[in-house]
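Heads up, the next two complexes both have subunit A, just with different partners, subunit B and then subunit C.
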Partner chain A sequence: MPEPKKYKRVAYYPGCALEGTGHAYNRSTKAVGKALGLKLDEVKNWNCCGAMEVKNIDPKLQTYLSSRVLSIAANQMNHKVVMAPCNGCYHNLKKAEYDLTHDPDSRKVVKKLSDKAGHQTYEAGQAETIHALDWIKEAIGEERLKSLITNSLSGLKVANYYGCMYTRPRHIFPEKDQGPGSESTSQPHFMDDLLAVAGAENVNFPLKTACCGGAHTLSDSDTSTKLVLNILRAAEFAGADVIATECPTCHSGLEMHQIRAEKKFGEKTNVNIMYFTQLLGLALGLKPRKLGIHENISDSMQMMIEKRILP
Partner chain B sequence: MPIHEKSLIRPEDLKTHEHLEIDGVDVSGHWSTFIESRVVTDYNESLEEEISSLPGGEFIHRCWQCGSCTNSCTVNAINPEFNPRYWIYLIRTGMESELLRDKDIIWQCVSCNKCTYACPRDVFPEGVMKATAHWLELQGLVPKSPSMHFDEIFSSQVIQRGKIEEAGLIWKFFRRTGQPLFQSWLVTMSLRLASKLPIRLMMNLGFSSVFKPRTRGWTRARLAMEDYIAERQQETRNSLGLGSGNAKDDDVQSKDYNDKDQMRSAE
Partner chain C sequence: MRSFDEIEDHIDQLSVDHQSDLTNAAQKLLQLGEETLENWIFARGQTPTNETREGFRLLALHRQGARGEPSFNACRETCRELVYHYNLMAECNDEIQNARALKMGCLVAKHLCLFVSGKSQAEELGEFCCSSKPLRSNGN
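So, the complex of A and B:
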């Protein structure tokens, strides 16, 4: 079996959320990487990418913040690839790459700020940004992953939820929509592919790329609750036991507004919510604690025992 | 005839007749609803120029009103009054007073970028929504939205320390917008977390708000960004003819948002 060589060792950018509410995602990503024999070098002394907020103060400031992370990975650590599991970070690093490639004004601002801040300016093309999904899919490949599955997720029905920032806006993801093998922006399938290999049954879930209202999760909570409720209901209607997530904002949004919908609108939903790395980790035979499953607000242990995925 | 986007017409301008005969022809039913004609005179001729001078609004001139943005809009699906296509039309034709009817909901764009994905003309409607919301605030036509408060507190934390500490962020946001911290769903969520792992909750709420996560050697980056923001904000005010702003009010500018302030709010 030819073993793919790409992405065996990459720079790892966890981002702020993965040190806070998304801690379980951080843990499970690292645990899965370790189990698969992939090496993650955390970006040294990283900073926030700007998330969804800084661009509303000034878009070029966000480009600078993201470029600093890329600059450290490329110039100080000599990495050609940065892996960001958070959709927000992934999106912003991609956006910075796009802006620095196409917009001279962004290049000027980033150069000025980098000089003043005292670090090397990131130049477009120095590093490639990938998501945790690309990382596992490219570095391991489905065939090899299949041979490593020791605890099949068979019998588990999964709704794969990708959110907004993984596919939109399309222009910042030039590698997507490039035909067979590449990711699709309208019907993303990388998470489906990986979890299918792990033995799960992917349900037909129409709201894969719907919005959870993450940007206004606290400032316009009623809107977010309605949007999340749509997603939860659609997943239940499709017969899913669990919604697999790949973004800490989506994940905590779904968990939080599941409770809020029940408390505020009396709308109870029972579908579980887990990071895709947690599901993958279980299939690789890792212990739930190592994957931070006890840290999720949505309690999926019982379901896992009922499905005989956990003893 | 059915009137499309009926919500765009003021109720007082819609005339419906149960039974109506015109020139001896019975026009009851579908044909019985008419829109009162009106004359618009109060155009703001610089509206499009002003909004396109703000970040995000640059490409509004490309719009040819196909409606793909509204059709794909996440917020429109739960509130039909939220209509990016229509607002772009009003901005481009300078109908400011019409636009102001919706001034309190424009900030509700969730930045999902479905419109940007759907737009065949690369107008970047998401950016236009942000620019419009920003313009309304700069002109003093609306109070600062909760979303803008959040963006400011968040950005200020990033500029000050390089990293985000979520508990402090939520704390400060709730305090600034006058929301109670003890909301039933928030309490339930915290209790559920606490029952599973009290240590982690304490870490999140207590530990990290005392020993805040920060990027080392951030001072130079902070100063560079503060200068840049001050410069940009002045440029924006100039382009709208607003003169020098009172930057002190602005959280992104003010240096009073320091760690002491955070500690007090955490107590």
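So, the complex of A and C:
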């Protein structure tokens, strides 16, 4: 088991999406952290993790870009833990860690580019990358979280959607699949656990790690829309009032393609889409505005009033 | 072998038409999943295996398609969920439960078909997933 103390104050790497379409996730993550007494020190002068775009053209350049973020956190800010709430950033930082541990060529490229950029080279093992789910689950724990819930999500049925990058590929997440207490790559459950503590009823959702079509969005929007529509329908069929997300790309994809599915294919779905941090924030008694719920495209206010989660 | 579009149509029909013959529907659902993966494996220039893994050809086909690098395995759990829904229908005698399992199983099978067809047909999707790279490298 990780030591909870080391997660109480972490380096925070929001990544590009959380400054744009995922702003509500940024806002709600910070608000929930504050309510739980956790400290976030934003990585100074952070850069893009390399995302999909750089990785496709030059994977080693992506490794360098992610390593620079880790280097600033570890060498300039003296942090041992970097928390990345975006699945893409989390995946890329973990992948960089894996490559720097196992691939001498990656180490060589990262050293060369770090020297050229004039900063200390990141060495594998200097910092641990965690997701926002790990952060809350490990730093607070379910028992403590339960004691802080003032506005139960009782009566709310949730489909927890993790997307494809939170658990894949398995080999870059050595801490997962380590038995009781650890996260599972085939059936992730950390978000389910946290929201259950907050009073929500988690529905059985077989597409929790399926692809949302994020990579197809620009090249083939119809495929993306169909993939999202299928996820929305499955969540509705499972009885969910809301899909809880933990990735800004998945979240905005679900929201935008929900609208596009109606316009393009005449297929209307009514399930709401919210970040897990927004749901958790409501359960902690935070105001919707503090959690950026008004920034969501998917309007969940009415549903929350009907469910008596909001007055 | 049916095309992705035909498979998709059959899944949609299965969801609506076969509620009265659930035992057959479960088998058909699994077969549509297998055909989806056969398309993928043929596109990679290989012959789909007839072997089984954990008792299912679907899982053996997925293993065959995902072999090699890069191995992201994004449809592994979808295949396993499809097998799970097949098992629910095969093992349970409750018609209402089975009808629900068929409907959800069809959504799972459809996701598999949409995902595999998407990565097989659209270029420039990136190398994040197991097998779009070999497909494009072969000029398919």
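As a convention for this text, the second predicted complex is superposed on the first by the 306 of 311 C-alpha atoms of A that agree within 3 Å, B and C clash if a C-alpha of one lies under 4 Å from a C-alpha of the other, contacts with A are read in each partner's own complex, and residues count from 1 in each chain.
Operating definition for what follows: a residue touches a chain if its C-beta (ideal position, glycine included) is under 8 Å from a C-beta of that chain, and two chains touch if they have at least 3 such contacts.
Just so it is clear, the model here is predicted, and its values are computed rather than measured.
Once the two complexes are overlaid through subunit A, subunit B and subunit C clash, as defined at the top of the document.
Residue by residue along subunit A, subunit B and subunit C are tallied for touches, and B comes out ahead. Once the two complexes are laid over each other on the shared chain, residue contacts for A:Asp177 go to neither subunit B nor subunit C. Applying the stated contact rule after C-alpha superposition, one finds that A:His23 touches subunit B and leaves subunit C untouched. By the touch criterion defined above, A:Met52 reaches both subunit B and subunit C.
In the superposition on chain A, A:Pro169 contacts both subunit B and subunit C. By the touch criterion defined above, A:Asp220 lies against subunit B and subunit C together after alignment on the C-alpha atoms of chain A. Once the two complexes are laid over each other on the shared chain, residue contacts for A:Ile231 go to subunit C alone; subunit B is not touched. By the touch criterion defined above, A:Pro206 lies against subunit C but remains apart from subunit B after alignment on the C-alpha atoms of chain A. On subunit A, the surface touched by subunit B in one complex and the surface touched by subunit C in the other have residues 52, 55-56, 59, 164, 168-170, 210-211, 213, 215-216, 219-220, 223, 226-227 in common. Against subunit A, in their complex, subunit B makes its touches with residues 55-56, 74-75, 78-79, 108, 110-114, 116-117, 124, 126, 130, 134, 145-152, 154-155, 158, 162-167, 170, 173-174, 177, 184-185, 188-189, 192-193, 196-197, 200, 204, 208, 213, 215-218, 220-221, 223-225, 227-229, 232, 252. By the touch criterion stated above, subunit A contacts subunit C in their complex at residues 52, 55-56, 59, 164-165, 168-170, 186, 206-207, 209-211, 213, 215-216, 219-220, 223, 226-227, 230-231, 233-234, 237-238. The touching residues of subunit C, when paired with subunit A in their complex, are 70-78, 80-81, 84-85, 103-104, 107-108, 110-111, 114-115, 117-118, 121-129. On the subunit A side of its complex with subunit B, the touching residues are 16-17, 19-21, 23, 45-48, 50-59, 61, 64-65, 68, 109, 112-113, 116-118, 164, 167-170, 185, 210-211, 213-216, 218-220, 223-224, 226-227, 255-256, 259-260, 262-264, 294-295, 297, 299.
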